[in-house]
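Next come the structures, one after another.
In the two complexes that follow, chain A is the common piece, with chain B as its partner first and chain C second.
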Partner chain A sequence: MPPDPMMNFLARCLRPLACLAVIAGALAAPAEPARQILVRAALSDDAAQQRELITSLTGRADAALVALLEAWRTDALFRYAPAEGTALVVQLTGPKDDEGRQAAVRIDTGAALVDAAGQPLKLAAGDLKAVEHTTSLRRAMKAVADLADLADPDPARRFKAVQTIGQAQDAAKLAPLQARLEVETDAGVRRVLREAIALVQLKDPQDATRIAALGTLKELHTLASTDFIKRALKEAEEARNQPVLTAAREALRAVENHRSFVDFFGTLFRGVSLGSILLVAALGLAITFGLMRVINMAHGEMIAVGAYTTYLVQNVFGTGITLPFFGLSLGLPGLDLTGGAYQTYFLFALPCSFLAAALVGIGLERSVIRFLYRRPLESLLATWGVSLVLQQAFRLMFGANNVQVSSPVYLSGNWTVNDIIFGWNRVFVVGFAILIVFGMWLVLTKTPLGLLIRASMQNRTMASCMGVRTERVNMLTFGLGSGLAGLAGAFLSQIGNVGPSLGQGYIIDSFMVVVVGGVGSIGGTILSAFGIGGIDQVLQQYLPVVAPGLGWVPGIGGFLQNLAQDAAVFGKILVLAGIILFLQWRPAGLFVTRSRSLED
Partner chain B sequence: MIKHISSLLGAGALALGASLGSARAADTVKVGVLHSLSGTMAISETSLRDILLFTFDEINAKGGVLGKKIEPVVVDGASNWPLFAEKAKQLLEQDKVAVTFGCWTSVSRKSVLPVYEKNNGLLFYPVQYEGEEESQNVAYTAEAVNQQATPAVDYYLAEGKKKFYLLGSDYVYPQTTNLVLLEYLLSKGVKLENIGGGFRRDGAGKIISAGKYTPFGHTDYQQIVAEIKQFAASGDACVISTLNGDTNVPFFKEYAASGLTAETCPVVSFSISEDEFRGLPAKQLVGQLGCWTYFQSIDTPANKKFVADFQAWLKKTTVPGIVKEGRVTCSPMVLSYVGVYLWKAAVEKAGSFDVDKVRAAWKSGLSFNGPGGKVTTQPNMHLTKNVFIGETKADGQFKIVKTFNNVYGEPWLKGKFK
Partner chain C sequence: MTGASQASPRRSRIELTVVAIIAVILIVVLPVLNAQGAISNFTLGLWGKYLCYALLAISVDLLWGYTGLLSLGQALFFTLGGYMHGMYLMRMIGELGQYKKPIPDFLVFLGWERLPAFWEPFSSFSFAVVMVFLVPGLLAYVFGYLAFRSRIKGVYFSILTQALTYAASIMFFRNNLLMGGNNGFTDFKFILGHSLAEPATMRGLYIATAIAVVLAFLFCRWLSRTKFGLVQQAIRDGENRVLFSGYATMHFKLFVFVVAALIAAVGGALYTPQVGIINPGEMQADKSLEAVVWVAVGGRGTLLGPILGAVSINALKSWATRAYPDLWLVILGGLFVLVVLFLPGGLVSIPARLKALWGKVRRSPEKPAAAASDTQPASAKT
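Our next item is the complex of A and B:
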């Protein structure tokens, strides 16, 4: 055996001793300012010692120290090694000069950093190394900061702090929590304070206190308290403590009721959101396939064109991008925007995606599809070929790997109402789906173009006889359908992958939605998108609830019980099976469009 | 490099190939490279082809193996598992390679295994796998489950985590790994109700599968993330993810959008290395964990030299189809690299290219100081190596937060933790 394990072992044995020495030191000299402890922790190389030092700050943290901890966690504390003497920890403040340097403040004294001559020293963040931190150290910092955060002016911070303290169930923290409840005015924080106090009280030896705490938890019925109530219930069961047991059962029932409420509305929202995605993806196809009867296998690639356009716009707003373009190198200069201006890229990406996909669609219509209007099978093969060509073009231009599209800030948060999560990206998709459906309805029914489109699609020959330039209408209609697919791509880039095969993932779903809805019926497409999305989510949510109770079915009981595990897959299979049965019953879909045209 | 065209020609071509082979035999030794250079796995596997070619050049520049230059025979498995077996057969029976470096997915390994066992060939396998296998014809430089999954659990337990949610792609590696993890968690005193993702039981009620699984290409993670959110509501929870490939993108986007963070409920992913990071939304992954036996950020002179040498080689190589920009190094690449050097050491110790002698040399315990630290061969065909846990940074690199030194590779873990 090599010698290093032995050394490791020794080091491991000595480490607790070193920590003890540190703690003893801290006890013997309580006067050491909190800032200096922080500096020692920042300069230490030993993770365990760092944690001990930070934890020793508990209860001593004021707002200034919390700000320093926050600075550490966000890489704003720097290690500075002067030419002579020991290393220091500094923070940079004030405006940057031409060379990017700022005034530095010593953390241990709080005074400005000076050189040997007593002149203020300026440093650049780029030349310095940020003080490092790990998850466990951040947790220790958080515990210290949380207690100090109880008095923070920001309710959101107070909320988080209270929650963490409550879940630690530390009896020593009861007093500060109760003191805070006396003065707290924010309703949300009051609620979580009551929960936290009740959680800590669950550990109380007195039955009466525990029962009262369970009563509070029953009244609050928060999801976060589930595990703690369950634990209390189990303890009461083991101790055969009937009054506590009853209280715990009631509290648990209240929480479970709340959970089924959350699950129900959560599922509803998820169904609507999935339905919106299906709708947005299928709407373009509802026009190119539904109205124009072109079996458009390249629809998925129109979606991908939109997604890649979003990627390009994002890069143009950032640092620019260089693409290999069939042997040439195509450079797009960047606007080098940052912050809020950069975040608006997505709003610009929407019209760009629409236009790019519409142009590709018009090109496709002019070059291939217009020769195949009356030959659906050939159009299927031709568009499939086009889809392969486009996929390869994506690979050549953007590489075979997926590209990164970052979500703008306003699309990456969520609202949580009564424990039901509404992701902003999802809400945005739902709102957007409504908008484009409305927009399409306006175009098709209230504009001259819409009238021409409807006339040409219902009876191409007759429209032509009446003087409608059907060639041009066809081109514009196909462009509109492709543009809508491009818009879908912009949205899907916020939810999933952007890669050369992006379109393949949506083409089946899109056709499914259009066929079930009834080819040619926009209303049917909308209904079927929400129907399929909703059923899929309901099955995913409730299969695991129902399946375990199916053990009694002879022969396949075990199989059915295990379905709970495959809810994500099996939900989809059930939906597909349902669609097959549905189409047996109604081959033309939900809404049958009747046409007087002799073509059909 | 000699370009080989897969041949379905017949005995004549076979004989020709053999005679060509013997003509060169004096000064070179043929070495097979069996990776997918096309199809879905090409994104990951071409990096291994690149690093292998780099390693061969490096060794050849220093005089080769036993005085013979390495002559690579690169074949394309094309992400097609039966084709892997055919190509393996071609390498062994037609090209008579001394050793093969190859395979990524477990199913490709299982597919070529009978070919190597029948012909007594030797395959070096470099990618983290599920264990429960110990062929005498495979040198597993890969991470065994106890060199990746169980150290990650140890780390979580030390961090005070009490609830574990298991999530993976639906195939053999995640399924087997999660079953081992289930046993391991239970042996560490984690209660069954604190293990999330659900269980599948056989008729007698015995658990035959643990965790939540989604198919390749799954995009809708709303419901699963909502479930994790409820699971983590009471605190001290974490997620162990064996999700593969690009399903990670919709998962992490949904995860971040629901308000879950690395501080409230961290995710450790076993399939995301530096190389996979090139197509992932870095911002959404910051602070999440990875666990491998190598990270590019390892701060040692050996690793820095390795990374610099590889970048320099990329600049000057003339092999067609090698991406030169934005390249990184990752654990499967380094395990391929150390595999070649260990094979060289074994051949030199045995004084022969004969598979039986090389295997005996391997079993005697050879060491090599690689970019990830010292690795040592074991009698059970696996490797002892260091295990690192890293936190993801915004630039797609990992910041190492924990190191486990000299972990013995143990393939048979099912039923071991009681």
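Our next item is the complex of A and C:
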């Protein structure tokens, strides 16, 4: 009959407690500073006592002490015997004078060494004897130094230290880990401490301990422990150790369950954030293409205008910028802001991007598009021409390479909730998409301009007869759509690269989103953006899982296996193929705007 | 649009004579001059390239000018044809590649020891020729069937063909497709046993291209005069009426779409050995749009227009990319906007417009010239 695991576990927990009690007792009244213990060890002649003293520093060492231990190891600690009084341990610092002497620091107090008169004493390294150290002592010192971070005041550093120790699975570190667990208050560090202890215990020769450890790991089900559990599982299989095998299987199942949970929600979040990006990029198009039926191939360049405006605003808040402008040179002075004031540049960049893109859009509408309202195919071609010109203009003004747009601090960084990573910029894009949709809904349904826009788009002739200046409404609508594209550009500058061909990357996706959603339906655009984004991410996540099983397909099996290694590209192709098939089923998209006209 | 189909017999005779003269110049005179040394090999190669592009332009015009389908996927079919022929040419390199292995260099680079199975049959020229037609034709058939069945038309058709091209190009950019990835195919050595370094081989390829262009022209001319061609043009002008008259427009459109894909594929297949490289850059959506520019500038819905446009714009490009490398895209884009806005009939409509203008000047101003009315930009009134 195996020993009761519970009892065993308790015994394991109690042992370090007892150990701690001894140390605590020794230090209780008044706790001897770590430095003085070190000095006592250095002055001791008994190797065993030296080791004991050094080991007693375990868990109490801070960065300064680690530096002292390092000094000892590298023969930089010296024994100094003054004429009268006890021997001291000193370290030499500062520049050497002509006779090779340096200022000395007493290790026990950390103060400068002074003579009887209170004058600083200078010593030469050659006259002193370095404190000796043996191999076993060095090992003890290293163990102490390794554990020094366990007592670091910063929880993040403690977390990392514990993680490293746990993954090394060194049985010698078990006691300090357990000692730390007793005093640790930070919940995250406690959790990782328990994981580390369990990981170390996986190496324990006793079955009961291993089973208990696996139980802990099952309870914690951290992703980092997967490989260790797998190894334990394999060992148990080889040793035909049924109880351990069962425990390991259960632990592994718990971890795998957790992994699929994390994968699922991670995919969901990435899908939503990609959907938001698509939505933000396509929303402007939903107005110009959806409502006005203008095929604006320069929509992508409107996005780029927004992104470059963000870049300009950033530079104006910084050190200024000089742009070559068709032979002339256009200088923008900088405000030379730093810190928090500089970080706010992004908030100013948003309206600027909107206005810049809206102005370019209005210019485009006035100069080209207004002649082509009745010829959609020609408007496609002409705006493509415009997009070429704009791309080249970006290249001439900003250079062919990507420009640097820095993320403000409040957009970089991420939250990790339950192993699922939420990047702040992604969360922000989701929030922004919601905000912008809401704003657009407000403009279209609650403002006089929105009323005029809807009237002109539904029946231009009738609106015109009622006295609506449709020409002006067209101009403003196009400006609004372009402005939204510019706003999208400001946001996309936080996520991807800003270069002359930025817009090309989004134009096809944007059109797909609008076509699938149903031209003229803003709701459809929203739904299709999230649908396409979600499906794309699901494919990217699960294609590498499914693809290796596609070998059976006759003829092209190996080919499919090969392609699925590029899950991102293959997923995108599948999405496009899916869209073509989807349009078989619903040729007019998700939401059809019904009309009595045959040609619609 | 100026319909060539209703032209008088006399006009038709004049037109044929002009075409015959141009054909003789392209097929006979230029190669002879090259053989004599009056035209450099480089110039002849350039003309070969222009004529390949002319085939692409003809295919765009057949769809856009005659059927009203603006396809932004013609560069895809062009490139597919080029790739299929390229596979044969890659096999013909034999062991003369950098790695001195019996399989193409990029496969050696990817760690392949043996030729992948689907590369095997491309050692045969006739198989490659069949594939030049089969692969683009089949793709056009399947895509066209799906698109026309669900009555996708107008700009939706354009956007979908663009998406198709985009999907194909990102696929061809991957090494895992085993089609050369980024770099595509290059470094060709032999075609049908003739060295591609020989001027005589290049001349032969040029003559084949010129003949292909003339044949494609004659085919389109013939097609546009048949009943089929008339229905085709009727679909362009009012598809619903044709549909309600009892014609299954889908079959007409599908046929034209496949034929246009085949013409483009032939262009691509001839392009590969003459230019010496084929890569996925050729199949990006931009290239399709560029081909549309040639047609628009030359004159859509006419037979000579696309050829004229392809040759003139590419000649302009050859010159401008050397003289003003920074401004080429601005010139192309600007030219496009101007043509769409102010010259919807393209270059070939200039004589008619001048004539109309002359007529206007000569006659009293009360009688507006009828010929000019259909080439005016549509009213901006909305």
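As a convention for this text, the second predicted complex is superposed on the first by the 429 of 600 C-alpha atoms of A that agree within 3 Å, B and C clash if a C-alpha of one lies under 4 Å from a C-alpha of the other, contacts with A are read in each partner's own complex, and residues count from 1 in each chain.
As a working rule, a residue touches a chain if its C-beta (ideal position, glycine included) is under 8 Å from a C-beta of that chain, and two chains touch if they have at least 3 such contacts.
Fair warning: this is a prediction, and the values are worked out from it, not measured in the lab.
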item: First (chain B), second (chain C), both or neither touched by A:G266; value: first
item: Contacts of A:L576 with chain B and chain C, given as first, second, both or neither; value: second
item: First, second, both or neither for A:I526, with chain B first and chain C second; value: neither
item: First (chain B), second (chain C), both or neither touched by A:P376; value: second
item: Chain B versus chain C as contact partner of A:D566, first or second or both or neither; value: both
item: Which of chain B and chain C A:A213 touches, first, second, both or neither; value: neither
item: Chain B versus chain C as contact partner of A:E471, first or second or both or neither; value: second
item: Residues of chain A contacting chain B in one complex and chain C in the other; value: 562, 565-566, 569
item: Complex contact set, residues of chain C against chain A; value: 64, 70, 118, 143, 146-147, 149-152, 154-156, 158-160, 162-164, 166-167, 170-171, 173-174, 176-178, 240, 285, 289, 292-293, 296, 326-330, 332-337, 340-341, 344, 377-380, 382
item: Chain A residues within the chain C interface of the complex; value: 295, 368, 370-378, 380-382, 384-389, 391-393, 395-396, 460, 464, 470-471, 474, 508, 511-512, 515, 559, 562-563, 565-566, 569-570, 572-573, 576-577, 579-581, 583-584, 587, 598-599
item: Chain B contact footprint on chain A (complex, rising order); value: 4-5, 8, 47, 132, 134-136, 138-139, 142, 164, 167, 222-228, 230, 259, 262, 266-267, 270, 273-274, 399-407, 412-414, 416, 421, 423-426, 494-497, 499, 505, 536-537, 540-541, 544, 558, 561-562, 564-569
item: Chain A partner contacts - residues on chain B that touch it in the complex; value: 42-43, 158-160, 163, 170, 193, 198-203, 209, 212-215, 217-220, 222-224, 226, 229-230, 233-236, 246, 249-250, 253-254, 256-259, 262-263, 266, 278-284, 287, 289, 323, 391, 399, 401, 405-406
